[in-house]
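The structures come next, written out as structure tokens.
You will see two complexes here that share chain A, one where it goes with chain B and one where it goes with chain C.
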Partner chain A sequence: MSTRVVIDPLTRIEGHLRIELETEGGAIRKAWSETTQFRGIETIVQDRDPRDAWAFVQRICGVCTSVHAIASVVAVENAIGANPPRQARLIRDIVLASQEVQDHVIHFYHLHALDWVNVPSAATADPAKAVEFARSIGSTWKGNTIERMTAVRDTVQQILDSGQLSIFTGGYWDHPDYRLPAEANLMAVAHYLDALEFQRSMIRIGTVFGGKNPHPNFLVGGMACTIDLDRSESINQVQLDQIADWVAETRDFVASCYLPDALAIMGVYKDYFDIGAAQPNYLAVGLAGATFGGDPGASRTTSAHTEVKPGVLLDGDLSTVHPFDPTKIAEYIASAWYTYQDGDDAGLAPAQGETTPQYTGPKPPFEWLADADKYTWCKAPRYDGKPVQVGPVARILLAYAQGHQRTCELVDDAAGKLGITVDQLNSTAGRTLARAVEAMISAEALAEVTFPQLVDNLKKGDIDVFDNSRWDPSTWPDKGEGFSFVEVARGNLSHWVTVEDGKVARYQAVVPTTWLAGGRDADGQQGPYEESLAGAGSHPLHDAAQPLEPLRTIHSFDPCMSCAVHVLDVEGAELQVVTS
Partner chain B sequence: MTSSLTPPGPAPIDVGRWRAPTLGENLEQSGVSRRDFLAFCGVLAGIFAMGDTALARPASAEPLTAELIADKLSAVTKPNVVWLQLQECTGCMESTLRSGGTTIEEAVLSLLSVNYNELVMAAAGDAANKALDETNKSDHILVVNGSIPRGANGAYCTIGGKSAEQVLRESAEHASAILAVGACAVWGSVQASKPNPTGAVGVDEIITDKPVVNISGCPPIGEVITAAVAYVLTQGELPAVDGEGRPTFAYDQRIHDSCPRRPHYDAGQFVRTFDDEGARMGWCLYDVGCKGPSTFSACPVIQWNLHTSWPIGAGHPCIGCTEKHFFDRFTPFYQTLPNVPGLGVEATAEKVGWGLVGATAAGVGIHAGLTALRRSLARKRTAGEPLEALGEKVWLPDPSVRPADAPADAPADRRPAAGPSQEG
Partner chain C sequence: MTAVTVLGIGNPIMADDGTGLALAERLSRSCAGDPRVEVVDGGTGGMELVPVVQDAERLLVLDAVAGPVPGTVVHLTGDQVPRLLATKLSPHQVGLLDVLAAARLLGREPRQVEVVGVVPEVVDLRLGLSDVVAGVLDVATATARGVVERWLAEDDDAGHP
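Coming up: the complex of A and B.
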């Protein structure tokens, strides 16, 4: 007999996600991924000045802050023919890298760790043994001291004593599948707090260039932050020194704390390398931060690792890298509350996309959504008709398949330590590990490639960060179409814009979480979240009242639901707002 | 490596009847020295004082020193907090996570019991809903991020199967203080911009029978968010607010008034394009679209991300994110302020800057233009004449409005008197 399970809200993610499951005998048989928020930002940006678009679409997400803005200005530049100077591109690369590493750190410690780490257990740990444990897993983090561990243990004890567990209220702390020894839990809670402190520091790199975080400022045609080493009011040696410091700290934190923790914790939950696989199709345009204005097959790129080319891996075959073709992307709405002019079974390319919301679900409050064909606000993108995974796992596998040296070193090292094969990265534990490996590569690229390049160019007198030649709308073509692909923390992000008579005529974003969180398409193929839970029919669920195992798997994707939901009003089409 | 250790189960929540140690006890136990704590409180004092204290608090009140804040903070037990995230992007929570203060993690863990917040809470699904329901039953502080979409019967944002509106109403019922944090919760922000496809509104469109403190900004500065909570705890009451419901401690001055680039404005030194000499010299960004002259925020003073920088500091014009409907009112963002449709100020930077180069005259010129459009508001939407902007009625904020209980002799407005038209 099957049991229905609803997880809503699915917390420790960005935005609103609901998972509905049918289970039988402790295994998940059917799964539905349901996005429960819709905002309509692409409609709102229509008819506005394309130079303003970044500020609107950046508000798609305050976690992925700056990535939508960068994707937007690059797409608009592509549409109007602007050519930002190389220093501006480098600055965007630096912002993307620091944002991405910070994002991964927050995800691992603050959004995912509590699936693996038992907080109350930390109160029973011996601080000296926790330090010993940290040492044993190769963590050289400066916070691994007996004094620090003691203080954290006492903090946890006080929270327990107070009877008010604050954010730890209602955790599944008596679930039998928390496996870490108390000392490991204490170490992880200490690192949770250290990471909270540290993410503030890490993010300041972007603040220097963009003025604030979240939602820093960007500019079509370059960057607004002038650099002149000989001026007090521009970015000068003072800020460069600060950034150098934060860049070094970032690499240190990932190398000495994050990567060892991820390896050790995933090692304890090693069976999760066989749980949570989604369709073994992967898409990426390069390693994290790779940015293309226009077709990645033809246009120029900025990337710290230009040797990793855009590509697609299909059907689990890691030996063949297929060339990436943007025209093979289409979005489906068979399970989403929208309607297409040519029928809801059609797949539309983003350049021809439509988004007309048409809610057909039950009136809230409701108990169950999955009985209807349509059950989510998230569209279902497909590449050449196939559901694909994007994100760290896709990028790492693509780079590995292309023989990228540093990626191969880190992956082979981790696989050797854990006794897994590379294709096992397609799993709950694998996605979590791939993210930590990628953070290491990105932190190194920031420290060794992009930031030194910026400084080196400055030494040669290159202080140009803005191209003024296309600022005035009179210099733009009457009609221009542009798009961008950017590899951001959660995966492949593309923005598509049509500029007509100086205004945004059409805007569309296809974002990483849309690729992953979308529901079934017209052919009944599940989206990656759904497949990861229900695909093999063997995903565990020990206790329906404490759905810890599915939380682990869904969190391994790092869901970002505000990003996932987007809307496009096709030219001239009236948006249909359902009010009753 | 697998352990057979059985961790202690969760302590049952007995909402409303808990006995919590005071913050002072908690800090002492966790080894935070009085000296460190005072330093933290000094930051808070600075933030509060940044607002005009004469306006923010009765003249008879004790001055807000670090000592006083430390004493009051130390004495409180942990209030329960429900921190909702409705139709939004999580930027406000991210900003909160970036709030400064050396031991803020310990302080926050000890200061508040945040029983419900989707971004950081351990629980999910039924367990999360239970924590929310139980906390809702008794006295708590309610913090709201995000707007409330009223279209499609609330289906544009649901949590636990309930509409955002229902979730908000249930959490507001027994809340002793309600803070609307961020542009979405205050005015709907980006999703409420034209054509507002989901019918998004701010919190005080829904909760009309209780005061709602509006912490505006997209997002607000982290320190302003945490200071608003700390204000409630230390003062035992809501902060004084301006005509838009914003705490005067952070919103009583225009960015323009405390902008470090202000002398360049007064001297008529303007950035004309983002790569010119003026840009590198840190000249005024008014001419490339800065909305600082009509934006009320503490950005220049507190700055962002541990005082690292702020938008104008990084060379970009202010886009006015603390102001009502800034996406519709202040776009196009790169258009010079008086030319932004609807503001109707006739002066241009050229006229003001070059025509009246003087210590205050230029500033007065633009203020006069704006002030002429402002109307006194005892509380928002209760009085005053609206301004036609982009075809809709909007009000410009007026920080000179004092709360009703402020002493009559408190200075209403310390800025240069805004005469009739003084522009060139």
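Coming up: the complex of A and C.
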């Protein structure tokens, strides 16, 4: 007798992802990943000035605005033949890196950690033992003091006494599978709060270069900021000194707090390195921040890690890095509420993509969507016909497979400490660990490569951040097609634009969450979310009313449903559990 | 020090969801040049807005506000704010409650928080506000402006610059 379970909404920050499950005997047998709202960003920039497109498309998402802006600007530059100067590209690298590390930190502590960390339990901890615990796992964070832990314990106690759990509302705090000792929970809650304070520093890096935050300013052909070390109204020495401090603080936080915490927490949940595997195919164009205008196989714009090449790993084989060919990407709609001119079983390349909605599902409120072939607004992208994983785990495995030294050091060290093999990174715990490893690599690159390079160039007098030779539409081709690939926090992001007669004729965005959250294709292959839950048929789910285990797995992908779709739910639907 | 922080919330490509930003823009024009007032376009940001909220002395949030009658101008003060926030103030789930709660947990939050907004009619992917909402922007802006002026006057009375 199987039980039907619906988890909706699933994400903590946006409520547009829904999962339907069939379970039997405490394990998940079948899974469907559903996005219940339509994204139509492609239509809103139609016929607009391509130099303005970034300002619209950055509103696709509320959390990662700058990455969409950069992807758009780079795609348009590719279409019109603009070449931003070196310093502008470096600034974009710095903005991307600070955004990415901030995103990973926020994801780990504020969106995912509470799947593993029991907040109420922290109130019962001994602060001195919490400090000891932090030391024992190698955390050298300056906040590991008895005074700090005592203050945080008292804060948690006050929250519990007030009867209002504040930002911790909605957790399954009675679930029996919270395993950390009280002291570890207290340490994690303290670091949760420290991370909230600390993210300010990373945000400010983007603010200085983009003029404001949220929604920093970007520019086709370069960056909108002016640099003059001696003037107060442009980016000057004072601000560069501040950025240097924030960059150092970023590295310190990741090295002394985030990475040790991730290792320690995943160590307690080690069985999750055997839970939640999705298809062992991985696609990335480099490590986080890698940015290409046009074919990554042919062009290299800029990146802190040029030694890691674009590539694809297939069928779990980490010894063969296949060259990445963008023409092998196609989007399928067999399970999605769209229609294609050539039939709904066809696969279309993003540059030829069609976004013609054709909703055939039931009227809300509905109880169950998955009985129909079509059950989601998310297209199913495939690479050479295969579902692939994107994101930190794909990038880390690609870098590892190419022998990238720092990646290998960090991965081998973590694997040794945890007693796992590298291929076990394809798992719920593995994706979470890979994210922390990547944050370390990015924070180091920011501190040691990109920011020092920018400053060195400035010292040599290179303050050029804008190339105006292609600003005037009369310099553009009558018809230009462009695309960009950018490795952003959640994975591979591509924007595809056609510029005709000075206007946007066609626009498509393939976002990381689409790669991961898409449903079944015409061949019945599940998307990565679905495979991670139902692939082995043994994913645990002990209590349908408290679906903590599948939440752990889906959160490990860092879902961002505001990115895949963006319309809202006025009532904010409650979690549903349907049993039959 | 900025005496008043005005935080516009919403998504301008989602019709009336952009109400808060439209109000912020109008207020920004009418307060232009006043160093005591800072207007921030918060978009649909989440935790990255925590610093804005934490650093605010007095925080005026401009937003689309859920309600039964589109075009109703809503002004929430004092205890109304947390109570209504708990039942989802904002239709785009920006997590404003989370942001305010986080600021409180970190031990630094605005001395005062008020909300001015309009009940949306259309929240759908398109640019521009519905006629119903556009028709009450003047009233809503005046309400918001009134909050800012009251706060500035309180500061003057208290002898602050």
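Basically, the second predicted complex is superposed on the first by the 559 of 580 C-alpha atoms of A that agree within 3 Å, B and C clash if a C-alpha of one lies under 4 Å from a C-alpha of the other, contacts with A are read in each partner's own complex, and residues count from 1 in each chain.
The definition used in the following text is that contacts are C-beta pairs under 8 Å (C-beta built on N, C-alpha and C of every residue); 3 or more make two chains touch, one makes a residue touch a chain.
A quick note: this is a predicted structure, and the numbers were derived from the prediction, not measured.
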Chain touching more of chain A, residue-wise (chain B, chain C): B
So in the superposed three-chain picture, is A:209 touching just chain B, just chain C, both, or none of them (first/second/both/neither)? first
Scan A:110 for contacts with chain B and chain C and give back first, second, both or neither. both
So, A:461: does it touch chain B (first), chain C (second), both, or neither? neither
By the touch definition at the top of the document, which applies to A:25: first (chain B), second (chain C), both, or neither? neither
With both complexes superposed on chain A, which partner does A:43 reach: first (chain B), second (chain C), both or neither? both
Which partner chains sit in contact with A:180 here, chain B, chain C, both or neither? Use first/second/both/neither. first
Does any part of chain A touch chain B in one structure and chain C in the other, and if so which residues? 13-15, 38-41, 43-44, 56, 59, 61-63, 65, 106, 110, 155, 159, 166-167, 193, 196-197, 199-200, 203, 212-215, 562, 567
Applying the document's contact rule, which stretches of chain A touch chain C when the two form their complex? 13-15, 38-41, 43-44, 56, 59, 61-63, 65, 102, 106, 110, 155, 159, 166-167, 193, 196-197, 199-200, 203, 212-215, 562, 566-572
Applying the document's contact rule, which stretches of chain B touch chain A when the two form their complex? 1-3, 5-14, 18-21, 26, 29-31, 78, 80, 87-95, 97-98, 100, 105-106, 109-110, 112-131, 149, 151-163, 166, 189-191, 193-200, 218-219, 273-275, 279-282, 299, 304-306, 308-317, 319, 321, 327, 331-334
Which residues, counting only chain C, touch chain A once they are in their complex? 11-14, 17, 41-51, 66, 88, 91-95, 98, 101-102, 104-106, 123-127
